[in-house]
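In what follows, subunit A forms one complex with subunit B and a second complex with subunit C.
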Partner chain A sequence: MTRTRWISLLGRYGVVVALLLLILFGWLRYDYFLGFFNISSVLRYNSMFALVALGMCFVIMTGGIDLSVGSTAALGSVVAALFSPQGTWIGLGAGVGAGLCVGLVNATLVTRLKIMPFIATLATMLAASGTALLLADNQSVSVSYDSGFTSIGQDNFFGFPIPAWIALAAYVAGWIILNFTSTGRGVLAVGGNEDATRMMGLPVGRIKFLVYLASGGLAGLAGVILASQFGAGQPIEGVGWELFAIAAVVVGGTLLTGGVGSVGATLAGVLLLGILFNVLNFENGKGWISLSAYWQSVIRGLFLLIVVVLQAKLAARGDAAVRDH
Partner chain B sequence: MTGTSPMTRTTARRFDPFDFLARYGTLIALLLLILFNLVFTRNFATIQTLNVNLTQVCTIVIVAVGMTLVIATGGIDLSVGSLMAISGALAPMIFLGKIMPIGNIYLAVAAAMLVSIAVAGLFGLFNGWLISAFRIQPIVATLVLFIAGRGIAQVMTNGNLQTFRVPQFQFIGLGRVLGIPVQVILMLLIVLAAAWMLKRTVFGRQIIAIGGNERAAELSGIAVARVKLLVYAISGLCAGLAGLVVIAINSSSDANLVGLGMELDAIAAVAVGGTLLSGGKATIIGTLIGAMTIQLVRYTLLANGVPDAAALVVKAGIIILAVWIQQQGRAHA
Partner chain C sequence: MDTDILLSMTGIDKRFAGIPALSAASFTVARGEVHALIGQNGAGKSTLIKVLTGYHRRDAGEVTFDGKPFEVSSPQQAQANGISTIYQEINLVPYRSLTENICLGREKRRFGLLDWASMHREAENLLQRFNIRADVRRPLMEFNTATQQMVAIARAIGFSAKLVIMDEPTSSLDEREVGVLFNVIRQLKQDGVSVVFVSHKLDELYAVCDRVTIMRDGRTVKTARMDDIEKIDLVSSMLGRSMEKTEGHATAFTARDEKNIGKVLLSADNLAVGQIVQDVSFTIRSGEIAGFAGLLGAGRTETARLVFGIDRLKAGAMTYGDKRFEPRRPSDAIAAGMGFCTEDRKSEGIVPDMSVAENMMLALMPKLAKSGVIDEKAQQEIVKRFIRQLGIKCSGPDQKVRELSGGNQQKVLLGRWLAMNPRLLILDEPTRGIDVGAKGEIQSLIKSLADQGLAVLMISSELEEVIEGADRVFVLRDGISVAEFGRAAATEDALMGAMAHGNAPVVAEARI
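Let's look at the complex of A and B:
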């Protein structure tokens, strides 16, 4: 195996290796790390971020960005909570529908009005947040406990939390779409070279439209889980989710310039950042060190720093290795 | 060639509404807003209204000036809000003598200001280093400090609120010179200095050249890495100063809140002001007008009884409208 191949393999599977090492570390060091309670609470909580990051991954693969996912999730949670007395499915549908509406606005702004994704989604982030606050009258909206709506976020199915199943289903669907459909291949083509893709006759506008729509819908779904899990629609939740999702996507090795990306590695990125938190909590519990919650963002930032510097180095060496041959 | 010049002159002189709006739209919007308020908002034409709006817009403008320079090179700086939190957390620790007691209050305040702004500048330099030495995309490189920076400020203060009453320090947030708030003077000085630098100095032209075409700038002998380092350091310094102004106004520093969401406010001001987000064209005065327009829209809505949440939606619409009009202007030009 050549050096180039090693470098590209490390770049591609580095995040999975890191995730396995972290899990191994936790398993050896803490008694209940792989216990049922811990696994299900980590999965239950991180499934929301996983959904948001999946949408973000697709948007980023086309070379765009979606800053609105956090406030879209907040809006989704409020709308779902407002509709939850009508029944589980109606609450679910309303929350996802609200997310799709934001996604539709993003898609229209980016593909029809040709506004840069960064600015377009920055604006919808403000608008979604304002709408959520207006609908919720500036406070959290309690969900209905009679209609069964809370079971989406709180119950288990075959021993695993329902949100984790939802996220898993979304990732499987995302993986199939990316790898086995023409739209999925088009997503990577658009991110790689938009003009060339257009000249090849692929429907660039439609592909971009769909990824923003999907990102909005997934953020809405994350909002439904948020409302259901915590028993309330929360208009001020979701602050900073977009940047967490971007970090997870970047840690997963998807390039922000578009054209390269992997659904599985994004999931590994989400889990890596989530489990890092979990390990810190366990470490605090052991009493050897006492890190306040504030250290967690410092450590996350450091972690992101290491990953992006390594990626940059690998990319530079990969380029050099390609030149040498 | 002379034969074609009358032709081009006539086409250039023909009135193009989009081009006109793209150039002056934000300024016209600002003037219309002022006119609207003069007619419909009670007590608008008072010094107090002016002061309220200016003091609220000051910190955004100071940060947005640094952001304009960063965006002019084709970059972005997401870390500004977190850097504000760091300088805002550090300064009180110094002038309250929590790190080391300093006898003379003037000396303590001077040390607090210099050290905390310098630290923010160093973090900005770190951003620039990541971007120029490792060729990491600016949005990812500055995301590191966006996440870690607020954590650093929270760890420094253990998440506690620091309150203080130190007039010597709070002069930058509460003081007045000739009736003008000190932070407004600071803001104007920074705006003028940056506008002059961008238009009249070699460094300023290099910034624009890099944003226009980085490869060409490099080939023509511009030290791209050095210019980028400096630009991100300047953005850090501006954020550091803004952090101090915020805590001086509040008489307290809360690492959880200082500068929260500032990166987006600053980027919005830059975009509405007419600076190209892909780099290569920038206007500091435009950024000032952009920030004041966004502020005045919010004030107008609040003063006329529209809830703050609805004002957010309107703000979103204005950002889109401004950017769209500017794009149309460029497409027609």
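Let's look at the complex of A and C:
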């Protein structure tokens, strides 16, 4: 086993190991950590981030970035709330549709007008946020409690929260697309070497278009769950979601430069960062220490640093391997 | 042999911004033939290939391929029609598996999803044809360059190419790997696939090619069977010289006075790094202009990079002044009093949007700064002096370098290094891409600098420039310094002979 191989394995499975260790720690230390109530509330809350991170994962694998996901989710939640009186499905469709619209703009800016993803999605981030505030008239928009819209976010299905089922379905679909369709493999090829991929005759533009579109749609879906779960469309929610999503993707071992990534590890990354916060709450509950919620950011930041340093090492090894042959 | 023609290109013209890159070029490849395409830098080889693969649109001419007129507008389309190109920098995706690199673009599916098992099998089978057994699931970057090269070829064959174009495929392979590649080429030939082989290593052409087409100045000047042409003819056709003497002076270099030349400043013994530089030895004395001659890919620039500390030596040693010289990075060489004007001014030399003054001061900055603050006045004086001395035509020190002509840009670069007061200046193709008048000015400038005691290492692909300019000429061939000529012995015949055949016994008589 070469050192390169070792680091690459750590990059791939390190997040799963860390997740399991964290769960083990919580189980041994806190009484109700693995209780039904805690598990389902962690899953319910983090499923929104999971959806956003899934879209982000695909975008990052092409070597791009989508900064607009947080505001898109906020916009989605407002639009879904506004349409919720018309029925559950219409509210759901409207929220996702709003997300797809933002995704369409991103995709067009990046692939047709060749604007750098960072800049393009920064612009749509501001625009989506402004639109959400305009539509909501600068306050949260209550959803309809009569149409059954709230059951998306609040009810259970086979004992588990519906948002968790939605996220699970999305991840299974994402996994299949990434591993068993040519578009999925194309995503990784584009991120690994865009010029070579073009020379290979793959539809580079179409692949990139699709990932931004998907990222927008998933963010819209997260917005629907947000509105349904908290009973209101929230125009000022979603701030910093993009950073959480990027962190989760990177902690999951996906290279920020693109070309290498995993759907499963992204899910593990989301859970790791989410459960870290949960553990912190339990720790505060024990009364020994009193750590403010800000500590979660510090700890998440540390995790991110460790992973990025590991990735840099992996990349350096890889380059060396290519050079020395 | 011409009974079954696969590709025929006739009367191809291509102009870039009015300047002809190809003029009435013609190129014919028979089925199952390995055809070499050679020529100096800028001869039009890559333009011809890019016209063929649809990367460029031709301005005039006919192309027929496989019996039909051939019109493609992109490399993908060319690939779909049976022409695959393997580029010098391997165009694959390093993080992805061998299978993906071979099969992407024509995946196998079962029930609408990718059928990994059969794709892996196909990749294995394709590679096995070249006697490569590898775990096709591992990422490409874990394999050596030769295997990566084979993967590129396997990909080309997987697309059932009728013609495979290989652009300098051996430049990063070692001898054994080259052998494997040649076997692959012979096998392709047996299977009726044609190969266009671009290389600068003449021995390789004789080993594997059937015919050769030589290009010069955008024209295809000669096509011949490899059996019927001597190496020396290849070289002279590429350089455009007949073996007769050309009389008179072609450059602005004038005779030099021997007494300007001092003691040995730099001596390099048996330098080596990788495949490109294998065994290069030379010496340069103060006040001497030493020339490096050789074909493209002979290792001239790479040797200069070793001297300047850009690349690290794998073997060999250098002495500079009286001390052992082991530069680890360019700043070591600069500190020792060396300067390096690179061949590629645009990407490695000038900063186009900075002013003449800023460009000139870049290397000097660390010296001029007093506790981090740059002495503005001293800077202005130096810049003005060099603009005057070198005759740089600009509106003033603050004009942006991008607005200057090529010759004046080169002078700014010279100024940059001269401001350091160097003892040794390396000039890589100092007059390439510069108009005739400015060329002469640069050449006289080089001479007068040497007269003032500066040691100059001049790399040039123009024979007359090294012959008339250099006090001694070292000929490099395939990474080995094969011959050394003094001023009297450095004739075109002698130089071309050494480039073609190497190990010429002229070394002894040439020593002064």
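Brief remarks follow.
Simple rule for what comes next: the second predicted complex is superposed on the first by the 306 of 325 C-alpha atoms of A that agree within 3 Å, B and C clash if a C-alpha of one lies under 4 Å from a C-alpha of the other, contacts with A are read in each partner's own complex, and residues count from 1 in each chain.
One rule holds in what follows: a residue touches a chain if its C-beta (ideal position, glycine included) is under 8 Å from a C-beta of that chain, and two chains touch if they have at least 3 such contacts.
Source: prediction; values computed, not measured.
Of the two partner chains, neither subunit B nor subunit C is touched by A:L34.
Touched residues of subunit A, counted separately for subunit B and subunit C, are more numerous for B. Judged by the touch definition given at the top, the superposed model places A:L21 against neither subunit B nor subunit C. When both complexes are overlaid on chain A, the residue A:S292 reaches subunit B alone and has no touch with subunit C.
When the two structures are aligned on the shared chain, A:L256 is found in touch with subunit B, with no touch to subunit C. By the touch criterion defined above, A:F180 lies against subunit C but remains apart from subunit B after alignment on the C-alpha atoms of chain A.
Overlap of the subunit B and subunit C contact sets on subunit A: empty, with no shared residue.
By the touch rule above, subunit A contacts subunit B in their complex via residues 65, 67, 109, 113-116, 118-120, 122-127, 129-131, 133-134, 138, 239, 243, 246-247, 250, 256-257, 292-302, 304-305, 308-309, 312-313, 316.
Against subunit A, the residues of subunit C that register as touching in their complex are 75-76, 79-80, 87, 91-96, 100, 104-105, 107, 113-114, 116, 141-146, 155. By the touch rule above, subunit B contacts subunit A in their complex via residues 76, 78, 130, 134-137, 139-141, 143-152, 154-155, 158-159, 261, 264, 267-268, 271, 277-278, 307-313, 315-317, 319-320, 323-324, 327. Contact residues on subunit A toward subunit C in their complex (touch as defined above): 4, 176, 179-182, 185-186, 188-189, 191-193, 195-202, 255, 259-260, 318, 321-322, 325.
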